[in-house]
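The chains carry the letters A, B and C, assigned in the order they are written, with residues numbered from 1 in each.
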């Protein structure tokens, strides 16, 4: 084996995009072996294992950080378009280098820590926030055979790690000794733990049907096509649709996105738990929030939208890992769209929505899924489960939200 | 946050403002919160005090006309009008018909642009991140362009004179204004459809900050805030100043008196303003725009006092002027609608969530330039 | 051994975050500090009250409820994973009914919490406390 052979393999790899990432990884491992042979030693297998893991981890972190950078431009662009503006267009073509400029600005800013603040906690809070966010993406399957860590309890592990960001937000709010920070942190905790329940419950429903907690297994359970063209994704079943919508809202709330951006509610709490953060610490929070948002939406893709499966049989020529990112980009777009459209909830409405509507609905979806399973997972089950989720939906809407808001119930008098 | 004042250990005192994103300027509220609920609220203002009244007493009568632009800087032309009206009352000046019609046209256009901006501001207070604001400002900008064509300034118009207006309508201005006003209802319909069809907006506005008609009258409120509480009181009808008695329009009023009624009242008032504008465009006569008897230099009204008021977009804007027969006002006092409407803020806010405070403040529609003067 | 990648990931993530922070300390400006600059932000006013703001007991109640319900949900995970194989192997709906009875008990607690107004964040609670 020599270096020329390795180079020659690159065009070969590029011919089959489906396996490109996997083959690329193999190439790097071979390159390490070649380096070893260059200095005249056989590379021990544990080094290869280590390199194998590190290559994947670094690749995933790099991909997600690049996505974060692109998203920060993309989001501002979409928001601007939704608001009749241009958005960033000064730095580089179409403003694409805006994140570079932002990064340099953040890096060179002065870091101001309030006098009363708990300085150690204030310093570690952004790190505590970023670490769980960066662990989450490695658990997701990006394509056929492309999962960095294939844990059999992947979903549970995902939620367990994801809960770490709540601690970080509270650390940030508490250590700042600022009233807006502490209020924002309280709101964040109340909101995130309230929406954690429907989030976790809707994942239970999928685990129940798929019979596994491994993300890969769940994606495989959604493979194949009904009637030859209709994808077997869980979102296309009544219980799956309900669970998917619940998961989507919970994911919005978990990542503190509008209309659930109460913790940073700008018009009330200035910047919530981020009020006393400046410079790169602030940037780390921002980064963690976006990476966490991508990860949780990646989980949504995995659980309900068929992961890396193509939506129609004849579209399978597009590589599976592309499909994952296409779906993720679609979800990311929808998040920005919602942000450009919706006003913010009030805290009591937000809590009521979580506890009095989403939690009972998630239980209903659970039983609906069980009924679907018992009815033979066919059209009959489809009908029964549709009825089983429709009844609680209307009942909850009728009994829990009696004060129905409408613009039509208002009367306006006119005097000549 | 001391236990000594009997508030209990759970409450938290926060000062919202003066440097706060959504207090519409440098307004400050000392809020005592129990969790997220407001139990006490104390408005503090004066951060934008510019000594307007005393300054005017040191200037000639006409010299403080440009200052009135800076009162409620969202709608300067109606401020001009209020001041001009008070001086005309004091000196007994007649205003030519054409000037009165021009005043009605620019005044109602000011009302439209103020209420349009309001629709955007209140969405911003609810956290809608500028989408509605941008579209509202796009429309407002078109009206400001018309103002620029007429007065030379987008906002600081300095347009009224005692006994008329500063300059006649430029050639083609009326047609442009008419053409624009024709297109406006389409925008308003779209805006109303999108805003009042939004469940979050409805749940944030309905039942929040309810103000009874009795309290509203006792508090001296005026303008859309008063009419939202169901009181039929519009100075355009009550005083019938200008040529308003010749124009047909209705005065809308609400039935509940919450933030949603205040929000809807603005939309309904815009519709009525459009009616007024269309009539005024059709009726405007030819003629002089300024009473030639009024001296520009060395203007001296007779000894006496007068209170002139108009229905500004935000409420009753009154000027109380006392003349000692000199070149300067002896006493110059303003009744700003924003300030008086703010007095009941605490009553509306106590018991609501901290997020509601911003919405209630937004629904009153204040401009700090006018509150602090 | 299965979790070795996770450990490596944690190390890489901490390394990245710490390196970025240290880098920013090296590159960042260090202006002169003064008491006003170092005071916590309170809209330009001097902070009222003590250095550590307190917060309402309401939030503790939500946290406690969360812990209760989250534990229930954690109990559901093994059940959900076993559900499919169990029902296919043994048939019958025993496994479903067992979970329905469990959720029934949880629902009683949930109804009690709602009845007590724990989840009520509306305006009524203020009037009481006033």
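Here, a contact is a pair of C-beta atoms (placed from the backbone, for glycine too) under 8 Å apart; a residue touches a chain by one contact, two chains touch by 3 or more.
Because the structure is a prediction, the values reported are computed rather than measured.
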Contact distance in steps, from chain B to chain C: 1
Chain pair showing more contacts of the two, A-C and A-B: A-C
Length of the line joining the C-alpha centres of chain A and chain B, rounded to whole Å: 45
Centroid spacing, where centroids are CA-atom means, of chain A and chain C in whole angstrom: 17
Interface hub residues of chain A, defined as touching at least two other chains: 179-180, 183, 270, 347-348
Residue numbers of chain B (touch at least two other chains): 12, 14, 20, 36
Chain C residues counted as touching two or more neighbouring chains: 42-43, 53, 55-56, 59, 121
Residues of chain A touching chain B in the complex: 79, 82-85, 179-180, 183, 187, 258-259, 261-262, 265-270, 339-349, 403, 405-407, 410-416
Of chain C, residues touching chain B in the complex: 42-45, 48-50, 53-59, 121, 123, 125-127, 129-130
Touching residues (chain side chain A, partner chain C) in the complex: 50, 53-54, 56-58, 61, 106-117, 123, 126-127, 130-131, 134-135, 138, 148-149, 151, 156, 176-183, 186, 189-190, 193-194, 196-197, 200-201, 204-205, 207-213, 270, 275-276, 279-281, 283-284, 347-348, 351-352, 355-356, 359, 363, 366-367, 370, 373-374
Sites on chain C touched by chain A in the complex: 2-6, 8-10, 12-14, 16-18, 20-21, 23-25, 27-31, 35, 37-43, 47, 51-53, 55-56, 59, 62-63, 65-66, 69-70, 73, 76-77, 79-81, 83-85, 87, 93, 96, 99-100, 103, 107, 110, 114, 119-122
Residue ranges of chain B in contact with chain C within the complex: 1-2, 8-10, 12-20, 28, 30, 34-37, 39, 351-352
